[in-house]
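One chain, chain A, appears in both complexes that follow, with chain B as partner in the first and chain C in the second.
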Partner chain A sequence: MSAGTLPPDEQRLAVGASIQDTRGDKIAMACIYTALGLFCLAILYPLVYVLSASVSNTRKVSAGEVWLWPVGFTLDAYRAIFDYKAIVSSFGNSVYYAVAGALVATVLTLLAAYPLSRKGLPGKGLIMGAFVFTMMFNGGLIPTYLVVDQLGLLNTRWAIILPTAMAVWNVIITRTYFMVTIPEELVEAGKVDGCSDFSFFWRVVLPLSKPIIAVNLLFYAVGQWNSFFNALIYLTNEHLFPLQVVLRQILIQSKVDPSQMQDTSKLLQMQELQQQLKYSLIVIGMIPPLLVYPFVQKHFVKGAMVGSLKG
Partner chain B sequence: MTTSTEARSSVRSATHKRTRTAQNAVGLGLRMRRNWQLYAMLLLPMLWLAIFAYWPMYGVIIAFKDYNVVQGIWGSPWAGMKYFDRFVESYQFWRLIKNTVYLHVYELVATFPLPIILALCLNTIRKKWFSRASQLITYAPHFISTVVVVGLLVVLTSPNTGVTNKLLGLFGIGPQNLMGDSGMFRHLYVWSGAWQTMGFAAIIYLAALTSVPPELHEAAIVDGASRLRRMWHIDLPAIVPVAVILLILDIGRILSVGFEKVLLMQNSLNLDVAEVIDTYVYKIGLASSVPQFSYATAIGLFRSVIGLVLLVLANTFARRFAKSSLW
Partner chain C sequence: MPNDDARPGVSRRSLIAGALGLTAATAGGGLLSGCSGKSNAGAAAAGAGEAAPSVTLGPKLATVQYPEGYVGPVARTLKPLTTEKVTFKIVVKQDVTIGDWKTNAFTKWLEQKTGVHIEWSQIGGTDDDVMTKVNAMIAAGDIPDAFLGIGFTRSQLFLYGAQGLFTDVGQHIDAYALNLQGAMKDYPETRKLIQAPDKKIYSFPGINDCFHCRAIDGRGWLNVDWIKQVGLAMPKTTDEFREVLRAFKKADLAGNGKTIPFAGYNEAPIDPFFMNAFLYDPGEPWLVVKDGKVDVAFDKDEWREGLKYVNGLYKEGLISRDVFTADGDQLKRYGNAPGKPLIGGARSNYWGNFLDIDQKDPNARWRQYEACPPLKGPNGVQYAAWDYLTVGVEVAHLVITKKCAKPDLLVQWADAQYELEAILRGYGGPKFAWAKKGDLGINGKQAVYGFDATWNSQKNLNWGQDNPMYRSQDFRLGERVLPGDLTFEKPLYEQTKERFFPLKQPQEMQFPPVTLDQDQAAQEAELKTNLKGEVNQSFAKFLTGQLDPNDDGAWNDYKDRVSKIGVKPYLELQQAAYETYNG
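Right after this comes the complex of A and B.
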């Protein structure tokens, strides 16, 4: 391989490699590749296994014939999911909570992060301190519950969306992003042109901040999709339950309610299907976040880099 | 008005340092008025902070009261330290402390170094596609919910159909109900946690590694340093400051383990080791038929204060010995 055809960065590395790849280094690299490969397999195996089991014949799964690939392919388990009313409605609720929660939380985070990123705003340190302090100390479970209760939010969709709307950690990362990408000169230039803070934020800052907005939306949406504890304590109305609460009932507590089946002729198969329902439910519960995160993945390392700068 | 235009023009022409002095020369009130739109933006987030973060902090005083719904937070009679005394003297106390600290320390010792090692390995990989693919795969479990992870544990270790029992069967060991085995609870909790969080936790270290200048590596190569030596002497020191900060934060959380997951993994068979402070607070405070708000709040406050004290201690220690700290 001629070094001349490579881009400059790789070229340097390639030249370096030709100097230094001793036998010990080659062994070390081989070990690193093998270890990483094995670790990736260990992460993937449970996911692939559950996916395979969810589309396999129930008896084959029970008999332990499924190791990696589906045996006796069937989609019965997914049909059973669509027949189970609570799962369908809670799936809808979860989508609602994820979308609405992510929008509310991202708007709040941007509104908090931008002013706090501006140099020379009187009282900025104090406000920032008020935000950061909540990371180290909080009122705890019961007092928070009492606040939600007093606001009359119990058993409403707001109880899921509002109490966890803002994560201070995201505010800090977003603020640092603004400090790095919106130079003070740009703010001054905007002022000279008679741009108010509102219109500067709307017309200059937001268009420059698409990556951080995407990361915020993703984190909040995934957080809402995956959370179950708020629903557990704030909701008793089953029609408002998110998917995770129903998953917990069926997967972990093994509570399957026959009255939830629309087609009663299927009741007899229920016992057999229950085991299989577990696999397909796990798949349904984990697929949406797994489909979304790769699109934002490229921003993660950059985001962490920005977040680690002290501001 | 004239002063303000003057000030503004001087701001524009001044260098950065002089900008500050010019701004300070303008009165505080005027500077605040000029920035009113920024304060207006902060209004909603601060309202949220006041309601959902600081109002509960005020509510903490019910730990020192005999709270009842009718009289409310302020009207309920004072109880002094009664509930703290009751907790410290209760037979649950040492069991809860022991379970919580055991679980967290085991988790910390076993899983803290893993993301560091992973990041160092990922960083040495020169094949772009391999590095990108391993990152994509190792991040994945972070985006899976706690309920699903525990659900995975349940189906994978199921005595009848689980993979672990098929594996044990190969060695001639009969079916085991691992989820119901209190001896296995901590291992399952910690290692499934490692499976879930390790990849994503490596990100922050990978970010720290991007700050290592390539010249350092080149110089070391010329000096004949091997790959492993360069990892040890160049890459690792770049990570240490970040690692110290994360360690401090972790020590501050020593009494608050991953509460959702513990709650989900609990069953009647493993409760003797799986009951931790936070799950106990939930049970006596909200899940019980006779909720004891004041008692539960007192236990929660006890935990938070100890956490805060440990955080401060760890930070002081780190500042003195590791020269890297949170504040």
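Right after this comes the complex of A and C.
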């Protein structure tokens, strides 16, 4: 078959896009690349800047001499972090909460989502309704606080892991995934072979669900990593604080009010601390998510599509 | 006393102090017998039928030097307060420099001295975060024995106090807090400043008489090297100030047309710096008292004259373009610019806000800048907006709750923190030394104590400055300055004393820190937020010329807007609170 007899679209596919792009296509591609390039820069630049600033001399940073590459390379800012036990221990706590929280939450989500994805579950609508209800309404701060208190969770690690463990939004995504990828026929085939619901879930559903498990783990882990409010409200032991709470105290608590001026030495100390640690803290705050993303990212497309069909 | 002039009304104060001391002693005794009948701790003293306090202070430490006429905390031996093991649960803020409260050096020292053990609960995050958590605790009934260093406002103290949640410590202070009683004699305004409208005292104060802080809002800085280079002198009037800025701009001392004659930033309001040459402007919320009547400054014709002046400066390019938008980092970039500074001056509380302070380098750049004295306006107005009342005595440094089973003991524990050595360890840490005879302090008189210069890089040694404490002016200025030391405290004190103190407005003009009840507080908060927004926005617009202060229409529109927001109800509210305060 010669190229000339094919319809235009296939013709182009057949000979390869690189040879015969029309001028319009080229312009369009150029625009797309420029736009994406700018977008990429807008995201990359702050990252690079923070990284550079964190390994630069603090005086050069505050004099505005650092704008892309490090000036006066030094690792002092990272060394200083180790002087503050609270920062080191809170980093460890954050990792703990992210890992433990993600595991607990993912298990709960899978266990809730799978039954809800099956047709035969009695009262399915009611359960789903109850779940969705909590997305829109909740008891508020004080009642929740009282519940956590009465359960004896206050000031324990469980207060961070349990109260908001399962996110309904993730249950919906996961349920949709199961509905689409595990057809009813597969369940029936399993039943014919004498497979119970539990062993079906264990032997068939889980092995087929790696993408959605990965997505759940990542969502929950990042959520835990970034959250501070529960820790703020439920914890009063410094040794249990996650990184974000400590970061807020150091980085956001920067307003200069006259009462702080009563002790200029203390103020100066706080300013220097902030100047020195600002960027290195941001870096250690973002490294763990950055490390995990590349490994999980490939599952994202497969896993997190709500309601659209997948091939 | 040689430096009486530098201390607002202290001679009068010490006179009154003597008289008050007598009355306080008798009144205190009377209250004590009433109190000890109820409480189990004071039983011993009640027996003899005399009105002597059941507690006494330890002997004075002989090694400590005090300057002549010293008014302030005194070093004494702290006595154990209890022999049995007592534990109190206290809520505090987390702070990385304080570190773990349990292992903190001051915690250990205080426990060893007093015998009182504290179980700490730490709350993390920003001040707002802390208040969220505290409110949740209170609402849920999860209440500790005390809150230390939690920033309750006067209105909040009154609200929770009136509900019976916070303990009225007034009687306990009269009975047990001898150090604090002494401090309240030195600073007779204290009781008025810490008591709620129901005459009860719901918290322990932090007394910190910071001299330079009293002139903080009107302070700006000018580069004296530059002034010399352009052949002028430190300006004294608004016209001279403009001349200096013009000369800076013309000489372009930063080079390449980069000179910014005068800069500001979004964390330090700029209006008090300029407006006090036209009328008394204490800064937000611009409340002033005239013959017992509360009024605002921002709708007066003099305010408009001030607007015309700053607008003129801005039009000539003498004030930085980003005076309202630059943040602290941006201002520091101007001040720290490599080679030469870009700014001829700046409105900021102290040097550290616009450049890095190097205390060791005698040629450090910050030393080129000096405080610009209050300027004299065209009508001869010239005020240093002096803060007599809100600086110096802070409430809520320790709040005892109804959960506390032994408030008398906790009061004594708090009172121990008003003792000189405890104060030094409390905010500075263990690395202090008593001054030797002949060592000189910040004010040039005999010093009382000194710190190892590096103390402020240490961690886990002190409690910051949120606990009860008493740092009088003589105490603060009694910090040793070694001849080789180049700290900024001394120039800050001297420049404030020479340039601002003599021009302070009469104390009667300042609106005091009043306490509002719950409904008033809600109404006041709303009005204040709206007024602040409007006044600040319009000030920025007038300054930058978006609104023309020379145009009668624009000015009248502005006056309409603020009056519609509710200047009148706002003033009525404040007037009532003011009368209660004085009442």
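What we mean here is this: the second predicted complex is superposed on the first by the 250 of 311 C-alpha atoms of A that agree within 3 Å, B and C clash if a C-alpha of one lies under 4 Å from a C-alpha of the other, contacts with A are read in each partner's own complex, and residues count from 1 in each chain.
The criterion applied here is as follows: a contact is a pair of C-beta atoms (placed from the backbone, for glycine too) under 8 Å apart; a residue touches a chain by one contact, two chains touch by 3 or more.
Predicted, not measured: the structure shown is a model, and the values here were computed from it.
Peer 1: Touch check for A:Ala165: first (chain B), second (chain C), both, or neither?
Peer 2: first
Peer 1: Per the contact definition in the header, classify A:Phe228: touching chain B only (first), chain C only (second), both, or neither.
Peer 2: both
Peer 1: Check the residue A:Leu146 against both partner chains and state whether it touches chain B (first), chain C (second), both, or neither.
Peer 2: both
Peer 1: Quick one: is A:Arg157 in contact with chain B, with chain C, with both, or with neither? Answer first, second, both or neither.
Peer 2: In the superposition, A:Arg157 contacts neither chain B nor chain C.
Peer 1: Contacts for A:Leu121 in the overlay, against chain B (first) and chain C (second): which applies, first, second, both or neither?
Peer 2: A:Leu121 sits against chain B, while chain C stays out of touch.
Peer 1: Which of the two, chain B or chain C, is in touch with more residues of chain A?
Peer 2: B
Peer 1: Classify the contacts of A:Arg248 with the two partner chains as first (chain B alone), second (chain C alone), both, or neither.
Peer 2: Both partners.
Peer 1: According to the stated criteria, A:Ala86 is in contact with first (chain B), second (chain C), both, or neither; which is it?
Peer 2: Second partner only, chain C.
Peer 1: Output check: A:Arg59 vs chain B and chain C. Expected answer is one of first, second, both, neither. What do you get?
Peer 2: Only chain C is touched by A:Arg59; chain B is not.
Peer 1: Quick one: classify A:Thr236 as touching chain B (first), chain C (second), both or neither.
Peer 2: second
Peer 1: Which positions of chain A sit in both the chain B and the chain C interface?
Peer 2: On chain A, the overlap between the chain B and chain C contacts is residues 62, 64, 141-142, 145-146, 228, 233, 248, 252.
Peer 1: Provide the residue numbers of chain C that touch chain A in the complex, in ascending order.
Peer 2: That would be residues 91, 94-97, 99-101, 121-127, 129, 132-133, 136, 139-140, 142, 208, 210, 212-213, 216-217, 267-268, 328-329, 332-333, 336-338, 349-350, 352-353, 356-357, 387, 390-391, 394, 427, 456-457, 459, 464-465, 488-489, 492 of chain C.
Peer 1: Write out the stretch or stretches of chain B touching chain A in their complex.
Peer 2: 8, 11-12, 16, 19-20, 23, 28, 31-32, 35, 37-39, 41-42, 44-46, 48-49, 51-60, 62, 73, 118, 121-122, 124-126, 130, 133-141, 143-148, 150-152, 154-156, 160-161, 163, 166, 195, 199, 203-204, 206-208, 210-211, 214, 217-218, 221-222, 224, 226-228, 242, 252, 259-260, 263-264, 278, 281-282, 285-286, 293, 296-297, 300-301, 303-304, 308, 311
Peer 1: Enumerate the contact residues on chain A facing chain C in the complex.
Peer 2: 59, 62-65, 83-87, 141-142, 145-146, 149, 154-155, 228, 231-233, 235-239, 241, 245-246, 248-250, 252-256, 258-259, 261-271, 273
Peer 1: Spell out the residues on chain A that touch chain B in their complex, using ranges where they run on.
Peer 2: 12-13, 16-17, 19-20, 22, 24-25, 28-29, 32-33, 35-37, 39-40, 42-44, 46-47, 49-50, 53, 61-62, 64, 67, 108-109, 111-112, 114-116, 118, 120-123, 127, 130-131, 134, 136-147, 151, 162-163, 165-166, 171, 184, 188, 191-192, 196-198, 201, 222, 225-229, 233, 244, 247-248, 251-252, 275, 278-279, 281-282, 285-286, 289-290, 292-294, 297, 300-302, 304-305, 307-308
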